[in-house]
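Heads up, the next two complexes both have subunit A, just with different partners, subunit B and then subunit C.
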Partner chain A sequence: MGAGLESSTTNRSSMRNRLSSYWEPYSQVPWLGWLVSALIATLLEQLIGTPLARVLGLTKPPALFGLVIMLKEPGLIPSALVYVLLIYLVPIGLVARFGASLANKVAARLLDYPVVLSALVHIALLYATLHLWSGVSDYRLLVVKLTLIAVIVTLSLNVVNGYMGEFSCSHPGFMALGAYGASVFTVLLFVQDSRFGPPLLPLPLVLQHVLFPISLIVGGLVAALGALLVAIPSFRTRGDYLAIISLAFMFIVKSLFENLEFVGGPRGLGNQPDLATLPWVFFWTMACIWIINNFVRSILGKALNAVRDGEMAADAMTVNTRHTKMVAFLFAAFWAGVSGGLFAHVLRYINPGTFGIRKLAEVLAMVYLGGLNSVAGSVVGAVGFNLLSEALRPLEIFKWIIIPVLLIVLMVFRPTGLIAFTELDVGELLKPKVKPEEEVEYAAATR
Partner chain B sequence: MKKLALLVLLLATLGMLSACAGAGGPDTIKIGINAELTGDIPKVGEGTKFAAEMWLEDIGGELEVGGKTYKVELVIEDNEAKGESAAAVNSKLITQDEVLVIVGPQASKQAVPAGGVANDNKTPMISPWSTNPATTLDRPWVFRTPFLDPFQGPVVANFATEEFGFTKAAVLYDVASDYPKGLAEFFKQGWEDLHGAGSVVAFESFTTGDADFSAQLTKIKESGAEFIFTPQYYNEVALIVQQAHELGWTAPILGSDSWGSAETVELCGEECYGLFFSSHYAAKGATGATKEFIDRYNEKYGYVPDDVGALTWDTMLIVQQAIQDCGTITGDLAKDRQCVRDALAKIKEFPGITGNMTFTEQGDPIKCAVIVRISDAGEFEFYKQACP
Partner chain C sequence: MPLLRVDSMTHYFGGLRAVHNYDLAIEPGQIRGLIGPNGAGKTTIFNLITGRYTPTEGKIVLEDREITGLQPHQIASLGLGRTFQNLRLWRHMNVLDHVKMAHYSKITYGLMGAFFGTPKRTREEAEIEDESYSLLELVGVSHLADQIVTNLPYGAQRRVELARALATQPKILFLDEPTAGMNPEELAQMMEIIRHVHAELELAIFLIEHRMKVVMDLCQVIQTLVFGEVIAEGNPDEIRNNPMVIDAYLGKEVEV
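The block that comes next holds the complex of A and B.
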């Protein structure tokens, strides 16, 4: 019996060894390698995706890695798995594995120049991959856009709830302010509308695209202004009180727009020009990640953490706590406003009811799923929640049992979320996993 | 490595096998249903789903178009009563499931953004319930089956004038809710067109969730109005009627199609007996196809269908007629969708259970409304038809 137990443990450990030996070469793959192989996989899908799907008995390439059809038609699961394996997993695995040394060399060479260049190359590769991947179907495109917007709003809420340690419920309100601010700006200037009359600035479409960021900034500023109104009375309080005041603010914003006749009242505001293209949404998401990441790693960000961990202590350590909290809150509201502006221009219709308590529940779920005090966590949380939400849609009412149960399980086992309290160091991320000299030695050793 | 290869091979074989069993193919017509199955108004989504499934059962899952029999498949998706989900569902139905035509979403909050997606992708869509003008406005590919509020408002105004000879009206409505607010304004406009400016002597509002209307009702009573028009939902209707009667109001109270839920009488009781409202159809005293539909629905699902069910039923039949009018299904989706859209726009005098319908160029139907009286037994009985 003792022998049996022993053999089972050795079995398990040998299993683990084997798994880690499979994984071993991949730990050498830098981000550049992964991105290039993902790009190659999407190119492959463009070339042979549709014929392969036909051969496998699928009418179309599965939209979200087969997640959507799995629950709808379980009979197609094998086909979807084969498709994902052949189009994504195998090519990515092969290219990443055998291109690793080349990718490491290129990544090392890129770092001879300023980090910005290397980052831009990575971002360009990511964009190319997303562009090609979402080019296959409009459904993918819309899901990608909404997911990227969710990333922005999740990150901005994490600044308040994670980094500042307050519990704010007003983010849907900020989104609404941003959405209406940006929409009024573009509808007023660019399009013929029954409510706002002829366009004040009838520009060609290209120039409208160029001016689109201004409308988002306007939306963001409107949201920040709203945040100022909450911040002045509420930062005299802490904890639960702020949560309640911010919740009240969300309802105030909702009823404000319900009663504002010139933006459509409860009927909502439509007719936004079609400006939120994938490049713009992607650009703003990257800008948001970049800026928020720099913000939370700056002195101000550290001061914010100090305020969270002990306001009195922070004050004693010469941190201007009121100023710090104010700046962070307005900053977070600005980004929520930008995401609202993008949201309005993706859907091209908004109404006050959209920015209610359900939106709040969703955003909070994404923040706490991904992890507090973590940029990477917010990205993972937003992407994960959105994919899960799309994948479980066919379950209808059970979806709203499964997702909360998952959240409860997560809170029990990882109370702070999946990837909490981490720092995202872009420079470290872009580095080659193996330095070229080391690799030579590694190769020699294995030979 | 060998094991992995074996696994791939196994999966591939399974894939091939399921390929034969897989749905789709040129002989299938797919119809997308974009419904509010979860979220704020699940009952609406349920009614949609039930009516659509009843239709599918009715035609036996097959449709004959141009002498050829096609298998009909419903792709029912949940939009969670969210605008962005409704748009995502529509783009999924259009590009992934490749449906020929979409029925739904029901509420305007979902139908407006979803209609944008359908129109951009040149796919015909019909909303059975949405009354917001923006749903179909400037969208040649989007249609609807209910009459619009700009029509319903004047219908009630005409009825009150002809039936009772009233000249002074009072309106009580929810200012924060899309539908009552719009309808209240259209009624006011219609009434003033008939009786001149100032003939709406009280135009009182409240906010969603209010339960005490005595202040507004007192004002209305003092204004000298001869009746109250209140386009509210069933829970508020009960409160408004009861409180009005407590304050000594004896004149009629009129309502709109939002009264047409079984809950209205349940909550309001005898207080509501004898009151009138405009609606899409009346369940009590229905004859012919309407009665047949109500009886079958009641038997199958255990309750009398409300207007969502009836309107969805009509919508499914309209879609069926449009597909059949189209003549041939070529299998080229873009061409077929165009053909179905054109057939929809050409539909004239369609005999639906919610009235005869003719589509305008804008995608809105020209149809009659029904004035319903709540009988002394608490049933919704047909009183009168009001046509444009």
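The block that comes next holds the complex of A and C.
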């Protein structure tokens, strides 16, 4: 029996060795390589996606990597798998593997310039990929936009619940304030509406697009104003008042909008102009990641960690703890408001019911899934949760059993979430995975 | 004129009178000691002066400016730095960030600098980082700069706390039992560091200690506190030979 146990462990470890030796070449692929590969795969899909789907007996290219199809029509699983393999996995794998050395060289070269340049190149590649990929169907476009918006909310809640270590439940309320604030702004100014009358500022569509950010900022500021109402009583004394006050706030905001007839009451508010294009949503998401990451890596931002891990030591070290908490809370609310504004203009209809306890559960799930105190974690959490949630949509009600169970399993095995307590150093992230000298040795060794 | 003056300070915790009619005058550059049995009120005095509690009665004046009732962070930025009896480090933060954090009140780049990573912020944080490294060198832990504090041995954690307190650029440094829990070797090093810091940075030091050797070796003036009241004040020899002090506090320890 002892021998059996031994052989099974050696089996397992040899399997792991084998797996890691397959993975080895891919660990040398820098982000630049992955992004270019993904772009090439989406280009390939543009060219041959539809015909290939037909040949395989699918009516159109699978929207979400075949996940939805597999659950809806199990008979089509082989076709969907072949599609995903031929369009995504094989091309990405090949390009990443054999383009790695070139990608490393280019990535190294890019970092000869300020890191901003490298970041912009990567962002441009990411945008191009998303643009092409989401161009295939309206559904994909919607999923991409909502996922990007989720990244913003998740990050902003992480500032409070992760970096600052307080438990806030008011984010759906802030989203609602932002959504209604931004919607009233654009509907009032730009469109003919049965409730708000003729546009106050009838501008050509191009200018409306240009002015759209103002409405988001208005939404963000309205949310920040609401946050002030929560922050003043919550941060005046020490103690865990925030959880309760913020939860109350969320319900108050919801019933406020249910009772405000001029924004439609419980029936909601529609007719938002179609301004939340992919470029804008993408821009705001990147801006949010950049600004929040800047903030949490500065001394002023790290003061949040100091307050969380020892308020007494923090103020003895000259940190103005109350000011720090207020600023962070309002800052987080601003971003939740911006995400609400984007959300309203993506769906072009909102009602108070959207911003309730279920939204809260989603946002909390994304934050804790991704990991506290981590920008990368929030991005992963939001993207992962959204894709999962979309993929499981065909299961209807069972989706709300499977997702919580998955979350619980995750919490058991990784209690702090996927990527918790890390710092996102963009320069470090975009570095080549192999230095040019090592590259030579590596090539010699594998030959 | 003394750097810091405390006039007849009294503090009650509910019905408990923790400090009674406490007077203090610290001269620039002085090293002072505060001794007394457990529960005498020593830490409470530190907490009162540094703004953690507001005294029930009395007045605290730092260089002509009354600081009674100010917030702890205000008092800290006016020049009262401190360490804690039970280490209070931030458990997810590395050593360097601890020391950088204590420069908080000197930051001028503002929120916009923090959000947008302006050149001003980059410059200022680089300067702060340099200063922080030199403080870490001063207390001998610069090689641990990127370690998370909870991974460090106890003696190193105490040093990090000291470096962090120094980063607030104190005029007076309050040390609450800086050698508590240290082995003889760490203790000797810590005393050396305190002397070094005192000479190098020209600050006044006010320290609470239970180990007589440390207090007697370092301090010029020592107060003995019993039940919240000062029963004796004087230089090490006077304190050592004061019958009241021997009776109330030293008796047992001198024999040891």
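Rule of thumb we're sticking to: the second predicted complex is superposed on the first by the 428 of 447 C-alpha atoms of A that agree within 3 Å, B and C clash if a C-alpha of one lies under 4 Å from a C-alpha of the other, contacts with A are read in each partner's own complex, and residues count from 1 in each chain.
In the analysis below, a contact is a pair of C-beta atoms (placed from the backbone, for glycine too) under 8 Å apart; a residue touches a chain by one contact, two chains touch by 3 or more.
Predicted model only: the values in this text are computed from it and were never measured.
*Asks:* First (subunit B), second (subunit C), both or neither: which does A:N373 touch?
*Replies:* second
*Asks:* Kindly classify A:S21 by the partners it touches after superposition: subunit B alone (first), subunit C alone (second), both, or neither?
*Replies:* Neither: A:S21 stays clear of subunit B and subunit C.
*Asks:* Return first, second, both or neither, reflecting whether A:T318 touches subunit B, subunit C, both chains, or no partner chain.
*Replies:* second
*Asks:* A:K302 contacts which: subunit B (first), subunit C (second), both, neither?
*Replies:* In the superposition, A:K302 touches subunit C alone.
*Asks:* On the superposed three-chain arrangement, identify whether subunit B or subunit C touches more subunit A residues.
*Replies:* Of subunit B and subunit C, B contacts more residues of subunit A.
*Asks:* Using the touch definition from the top, say if A:E396 reaches subunit B (first), subunit C (second), both or neither.
*Replies:* First partner only, subunit B.
*Asks:* Have a look at where A:E73 lands relative to subunit B and subunit C in the superposition and call it first, second, both or neither.
*Replies:* The first partner, subunit B, only.
*Asks:* Could you tell me which stretches of subunit A are touched by subunit B in one complex and by subunit C in the other?
*Replies:* none
*Asks:* So in the complex, which bits of subunit B are touching subunit A?
*Replies:* Touch list, subunit B to subunit A: 8, 11-12, 14-16, 18-24, 37-39, 42, 77-78, 80, 82-85, 87-89, 91-92, 94-96, 98, 108-109, 112-113, 116-117, 121, 132, 134, 175-178, 181-182, 207.
*Asks:* Help me check something: in the complex, which residues belonging to subunit A touch subunit C?
*Replies:* Spelled out, the residues of subunit A in touch with subunit C are 291, 294-295, 298-303, 305-306, 308-310, 312-321, 327, 373, 421.
*Asks:* For subunit C, which residues count as touching subunit A in their complex?
*Replies:* Going through subunit C, the ones touching subunit A are 50, 52, 71-73, 76-77, 81-82, 84, 88-93, 97, 100-107, 111, 113-117, 121, 125, 128, 164-165, 167-168.
*Asks:* For the complex, give me every residue of subunit A touching subunit B.
*Replies:* 55-60, 63, 68, 73, 75-76, 78-79, 81-83, 85-86, 137-139, 141-143, 146, 255, 258-259, 265-268, 270-271, 343, 346-351, 353-354, 358, 390, 393-394, 396-397, 399-400
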